[in-house]
Amino acid sequence: MDTGRIKKLLERVKSGELPVDRALDGLRALPYDDCGYAKLDLHRGIRTGFPEVVFCQGKTCEQSVEIVKRLAGHHAKVLATRVAPDVAERIAEEVAGCSYHGTARILVVDRPEKKPRKPVRTGKYVMVLCAGTADLPVAEEAAVTAESMGSRVERAYDVGVAGLHRLLDQKERIMGANVLIVVAGMEGALPSVVGGMVSCPVIAVPTSVGYGASFGGLAALLAMLNTCAAGVAVMNIDNGFGAGYFAHLVNR
Amino acid sequence: MDTGRIKKLLERVKSGELPVDRALDGLRALPYDDCGYAKLDLHRGIRTGFPEVVFCQGKTCEQSVEIVKRLAGHHAKVLATRVAPDVAERIAEEVAGCSYHGTARILVVDRPEKKPRKPVRTGKYVMVLCAGTADLPVAEEAAVTAESMGSRVERAYDVGVAGLHRLLDQKERIMGANVLIVVAGMEGALPSVVGGMVSCPVIAVPTSVGYGASFGGLAALLAMLNTCAAGVAVMNIDNGFGAGYFAHLVNR
Amino acid sequence: MDTGRIKKLLERVKSGELPVDRALDGLRALPYDDCGYAKLDLHRGIRTGFPEVVFCQGKTCEQSVEIVKRLAGHHAKVLATRVAPDVAERIAEEVAGCSYHGTARILVVDRPEKKPRKPVRTGKYVMVLCAGTADLPVAEEAAVTAESMGSRVERAYDVGVAGLHRLLDQKERIMGANVLIVVAGMEGALPSVVGGMVSCPVIAVPTSVGYGASFGGLAALLAMLNTCAAGVAVMNIDNGFGAGYFAHLVNR
Amino acid sequence: MDTGRIKKLLERVKSGELPVDRALDGLRALPYDDCGYAKLDLHRGIRTGFPEVVFCQGKTCEQSVEIVKRLAGHHAKVLATRVAPDVAERIAEEVAGCSYHGTARILVVDRPEKKPRKPVRTGKYVMVLCAGTADLPVAEEAAVTAESMGSRVERAYDVGVAGLHRLLDQKERIMGANVLIVVAGMEGALPSVVGGMVSCPVIAVPTSVGYGASFGGLAALLAMLNTCAAGVAVMNIDNGFGAGYFAHLVNR
Amino acid sequence: MDTGRIKKLLERVKSGELPVDRALDGLRALPYDDCGYAKLDLHRGIRTGFPEVVFCQGKTCEQSVEIVKRLAGHHAKVLATRVAPDVAERIAEEVAGCSYHGTARILVVDRPEKKPRKPVRTGKYVMVLCAGTADLPVAEEAAVTAESMGSRVERAYDVGVAGLHRLLDQKERIMGANVLIVVAGMEGALPSVVGGMVSCPVIAVPTSVGYGASFGGLAALLAMLNTCAAGVAVMNIDNGFGAGYFAHLVNR
Amino acid sequence: MDTGRIKKLLERVKSGELPVDRALDGLRALPYDDCGYAKLDLHRGIRTGFPEVVFCQGKTCEQSVEIVKRLAGHHAKVLATRVAPDVAERIAEEVAGCSYHGTARILVVDRPEKKPRKPVRTGKYVMVLCAGTADLPVAEEAAVTAESMGSRVERAYDVGVAGLHRLLDQKERIMGANVLIVVAGMEGALPSVVGGMVSCPVIAVPTSVGYGASFGGLAALLAMLNTCAAGVAVMNIDNGFGAGYFAHLVNR
Amino acid sequence: MDTGRIKKLLERVKSGELPVDRALDGLRALPYDDCGYAKLDLHRGIRTGFPEVVFCQGKTCEQSVEIVKRLAGHHAKVLATRVAPDVAERIAEEVAGCSYHGTARILVVDRPEKKPRKPVRTGKYVMVLCAGTADLPVAEEAAVTAESMGSRVERAYDVGVAGLHRLLDQKERIMGANVLIVVAGMEGALPSVVGGMVSCPVIAVPTSVGYGASFGGLAALLAMLNTCAAGVAVMNIDNGFGAGYFAHLVNR
Amino acid sequence: MDTGRIKKLLERVKSGELPVDRALDGLRALPYDDCGYAKLDLHRGIRTGFPEVVFCQGKTCEQSVEIVKRLAGHHAKVLATRVAPDVAERIAEEVAGCSYHGTARILVVDRPEKKPRKPVRTGKYVMVLCAGTADLPVAEEAAVTAESMGSRVERAYDVGVAGLHRLLDQKERIMGANVLIVVAGMEGALPSVVGGMVSCPVIAVPTSVGYGASFGGLAALLAMLNTCAAGVAVMNIDNGFGAGYFAHLVNR
């Protein structure tokens, strides 16, 4: 797979330095850490540019603690999302360097003793907009994720389309962004309006905020997928983490 | 049901002027015209303020012609919607005073010899907006309907949210309207934006314009039902007629 | 945007009365009050005819209290919907002039010291009908909203179509209304029956009342969107507030 | 399975009249006619009271002709539904005694030389109502089916809820029925209104008549399933045959 | 509406016995009892053959108690469905003659001092089948309802299609029934199998029993609507009451 | 049904050994144990190769205990699925030989005194893969089921497609399996990838793991049904038991 | 990936027989044939036990012809599914050894000059059942696929559950099968009934046969996924090919 | 809105150079070209970095020709998507510089006499992958769009997950891309697999390729939204244009 690495290995086999059987092992062994119920992908940092992120929803408290602990043994920075407050507390008891963002439900582990990631140059920023106050947890999940990965992040909240002047008032900051994250529930119209104003990519995140025929965010999701504005791509409902991660990749 | 009419009838029974059996008939006979496959509701004009409108979709050509002909024998104005061009031609051959609106697929019969409806005073108007060029047939169905019923109608087409300045440029006309009809397909965001700008009622009409996850207009419909703007009510997908009719009732 | 205001401003710039930089500020500054997680749209009263209404569902108790308090500092009347009883209590402790409508889950703040809104003339009224006892909270949300905005409201509850005489018995009051709100769950048939009886606009509100294949109000919603009666527009499931607001705009 | 028949067979085995192997055959052999792609259930007449009905939709013309021909060889009356006009013509060329009902798309084969079914006593009748003209094909499918099976059938078409007086005018005939079939598309409200008026069973048939959010009859189907009237059961969308068949079983 | 009654009334008006104004009142006054949040339809017994049934789900405990109490003042028998055990207890404290069926969640009030309904002749019976143990509450709701209305009821539970011999073993009782109620969740196949065995009407009731892609009973509902067996009609998901009521109307 | 048994019975009737009436009983009596709310299918072991399995979800605790107890009286091994921990405890108090698998929620009763099932030869094994840690309960339900029935089972967990090397690292074990069970939530892509690697049948099990537009496992279910890999069949969402059972039938 | 092959390659590198650069090529080159719009997976035969099958639906006629021609150059047997008659004709003009199965829409290319696949031993057979005549194309697609791959196949068509005796009459053949394919549209009940009768794996295939609320096969699909019978797995709607392929893997 | 421009304008007003009324006009006039049914957004090039793109689906041939002609009068490059071959021909007759991409259904107008856009530096490229041959039209729509806007584009088609080696063989080109577009129908698994391999942003495009439970691309759409790989955002079904546009914004 990794041509360079295989070539070097073959050279060593040729020179007799490496026995065939151990070469075979080397060809198979990509690094991960197996704790039975989970195989921690330690290689992902090299492959995709950022270490594996722990999605805690659906995992037991014990599993979450163990996984974060193991990853923290390998990486300078670990990110865990959808962390309930009590789970965050439990992790912090066992792992040094934790900080917990309550609204975003994100826990970040920073190991100062490990080599930090090269920071993004600050002139370029990700901007996170959200339509209403109830969309905040998703917007914050996006913002904290992008910040943790190294991006500079600007925020403008409660700028829904039913009061356009609140949005237009942010126009200069919006137009200066390198990439936008637009979070909205209910009818999910904000990305269409924003998408028509700017020349940078817009990442739309539908939220499950709403009632009745919002059907858990389906209405906003469909609206965003059908946007008439070009330059808009969509994340899963409530997937603030995904938006922040994607935005950082673009902003990098 | 009609208290006044029943009272008069009872007075005549009391006075012996009307035999009991004929009184019974009178109590039952509300006027409609039965042509077998259809019972034309001639009474509707009195009851709901406008004669029965013929919805031609799903009817055979023969049925459409016959029904319009019969209604035209009773009323000064007849409206037929979803009329295919060939059906319209057939009707025009048999009924005098027809005019056909091709884009709107509406046929109007005007019988000058019958007493016309009292026109609405022209200061108040219904305004019809649509998001894109492909929404025109629905927008025109709404506009022609309201005009046929007696309302003054203003139009502004192709003012979708991805180019806000086209919409904002119409702001004065929009704010002067007595009631708005906002037609949009795809993500259906236009009613939310317009609803936040005005103080009059907004009637939102989703269209089946779109592709992929628009699911035949479902995306726009859900968006409009979930609008964050107050003062917006929604019609069925592609129901331009319903919007024009409702708008006229408000504008009247 | 506001032509008159901009013109006046430009005149003052021309006369030298207003420096360019301050004019620039004035052009940008539309009034809203920013409390971080929310941007209160103080301008909405002028723009749409009624101050911003607080939708408390999905907001924390602290946010609800803060927002109502801030709005109450600016307006003679403030409306908050979907207010849980304990949140209402908390607001009432901090804001004077609160009255809470339990069934409707609406809290109204009246500041007698501020200039009240001009009341609607009492001859015209909104009438609220509902099909069953379980639809009451939505019906009351609609009724209290319209009343709070200044409309006279009549009510007739539990008049579902399976016992037509209960409905027909209200016929005179129904036919005298200026605009109707018809609330129903289950099969959502009531708006179609009522729509065929009257000549005024009918606002249909589906409720999530029902079980099995009602799918949280979807059955009633689809029925209402597909009504065969002209003059009916539809709100989101359980959106009593929206119906009351829309009805007042028409009744005004 | 058929206790009496098995007992008689066992008696004959006991008496030695019937060898064991042939008894075994007899126990297995229920009569059907196998033409490869179809196994004609000749026994159904005995088991369910009416011979197998041929549903022609989805079958090739050749298959339809062959199956009707074979059944006509065994039964006094054969019913084929969803028969296209050209298929009906082809069948009539090969089978004697055919009559074709165009609107209902039903072909009936009557073999006068075979013993006719005992007719239902004429005092009791099935009544078929439909809401609009476009619902006629389904209503006629129901009516012709029940008539073919031997029931007396009354019809009242175009009596939708938006013009209640047309329905109420039929009240005496409706209340005199032994069982009602109520056919409606769009919002499907008619069965609820009728169900509240009568004391006999009501069979509701949703049709695919409508557009937009009727989603091929789903709106009417859900409405009927959620009816607030007791005494209403529902058939599949456009299933006029099923309603006519069920109604005859009740009326018998 | 009620021709006979109107005729008699008109005769009295003619004879001068009844003044016009009171005749008018009489024409309007169909009996119902208004307790504000509910209009009890006392006339329904005459109109549909059985007094109004109280559906307690979605009503407060106070409303349920009050409504049952009022109806019990007028009728010999009152039926309340979806009654939680604590609500049943509360009703029993205030109303005499209550008996509560726990599995069926039905409360029946029998007032021996009032004239009982004429019982159905016992030779004819309704038979209730259910596929699995978890379907029992719905099956019992159906059975108790039909019994309360006067029908003789037979039961056979846990006879799902995956063990056909359990079903076939009941064949004689099944074939002797006058009408069948077949209750099933999961794939809802039982009505199709039973429908092919019998010559009487089959009422299919889908239940919300299942998991995963049963989607709250949708899978069973769709299966039953699409049954290949003729003579099957369908009720809403979990609507045991409706099935029992409908079955009694047929069995009567 | 059971030809051999019927033949023997008929022979005994012929020889006069068995009276006709008792033969009739014998023909009808297929063994099941009726405890009112359930008919235990004791015959299923002979018919389908494995005794009836108790699905405890939706049954009361009492019903679960009683049914397991009765089955344990007849069979060497009894399987109960979806057993809550407290129900498992109650059963263990009353039935000997219970072992409870907590993650799988399965209770197995082993009666050593009864003849054990012939074990499958160990060379052939079922392999269970799952995509993420949260899919474990379903994967374990599958694994424990297949093991209880007699198959040898291998496991590889947390091998989702976003870290292909974890999957490829298991390639030899995967390719050696006789049949594969692949469990995944979210986008459900794992069966497609695995299906393209192997030549044995793959049983795909979607789980309800996910959020937003996973709609309770619908996304994974649809993905698996639409797999582009041949040799993949699909179970209901979260149906680990079904997969384990099916896999054992193939592996046997 | 292929350990044996890599090991041999490494040995040759070690011995100096193979230069490093060519070894690198060898490690990368898995055989496929690239014709631009398609990459023919020539390796699949080794990997999954059967050569790539051409799914012609959605491909142009030219693409289908070219792909079959190329595969026929490499393999003794080629299978193409969803082949329209005219496309089949075009292929047969260019490729020798074609036979076309019209109902199944499958084209098989047999190259007698290439070594044929080892046939399955004939004692074991796949049995294909279908519920109705309209399900034949899907059933035949399954049967012809399994036969082409080398399995013996038995067929029993039109054995739907509404006439159980037709199914029970096939019982011995059904119980003798090694694996069953059960094809059904409409309510999709047949797999549940069959699944309760047998001890071998059952592959259920829903078809799009039906109308109204069958929603293109969704009703049958959901029913099959929710089957109460153990030992049933499900394919995509109309996926006869997948069922035949899977069945052969089990039967092999 | 455009602070700089407004400031300059105000300066000119202050200096008396610009009269107030003309300043007012200037503030309102954002350039667009109104042809009645469409308002061409000439300003979009400045605002969003690329001129308005013409979506021809749903427009009449005349409208498409007219709109392209007008835009070509203003811009150096015009893009029209979803252009049927005959419409493309008609446009080419009236507008110079047209080139038509048949598979992508895109028409590009290049006006050499106008200043061309600055090309992107060629080292960075967008890579377009698609899973199967039938996905080509969508993949090409994406590729041609990005190329027309100025990006360098690489392609790798028919690399679906069921033959992983075809994908892995492209690994070096894939890992070298600056942004990826991954197009897939059926189960839509490709973006998840690719997303786990790379460190650049992945734009997933579901296609309507598939049958049965693919529901017009819904299966692929849901799978992509629920991807377990981070760094993936999703476009509407079949929206190749949107993906190409978005990718260019990121690549720029």
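Chains: A, B, C, D, E, F, G and H, in written order; residue numbering restarts at 1 for each.
Convention: a contact is a pair of C-beta atoms (placed from the backbone, for glycine too) under 8 Å apart; a residue touches a chain by one contact, two chains touch by 3 or more.
Small disclaimer: the values here were computed from a predicted structure and weren't measured.
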Can you name the chains that touch subunit C as well as subunit F?
-> A, D, E, H
For the pair subunit A and subunit D, the C-alpha centroid-to-centroid distance in angstrom is 59
Inter-centroid spacing, subunit E versus subunit B (mean Cα positions, whole Å) = 41
Distance from subunit G to subunit E - Cα centre to Cα centre, in angstrom = 50
Interface hub residues of subunit D, defined as touching at least two other chains | 1, 3, 44, 132, 163, 196-197, 212-214, 218, 221, 225-227, 230, 236-237
Considering every pair of chains, which are in touch?
-> A-B, A-C, A-F, A-G, A-H, B-C, B-D, B-E, B-H, C-D, C-E, C-H, D-E, D-F, D-G, E-F, E-G, F-G, F-H, G-H
In the complex formed with subunit B, which residues of subunit C make contact?
-> 1, 3, 44, 47-50, 53, 168, 171-172, 196-201, 203, 221, 225-227, 230-237, 241-243, 245-246, 249-250
Partner subunit E, residues of subunit C touching it in the complex | 132-134, 136, 157-159, 163, 165-166, 169, 209, 211-214
Residues of subunit F that touch subunit D when the two form their complex | 3, 6-7, 10-11, 13-14, 16, 20, 23-24, 27
Subunit G-facing residues of subunit E, complex | 131-132, 160-164, 186-189, 192-193, 195-197, 210, 212-215, 218-220, 222-230
Quick one: in the complex, what on subunit F touches subunit E?
-> 1, 28, 30, 32, 36-39, 41, 43-44, 52, 57-59, 63, 67, 206, 208, 216-218, 221, 236-239
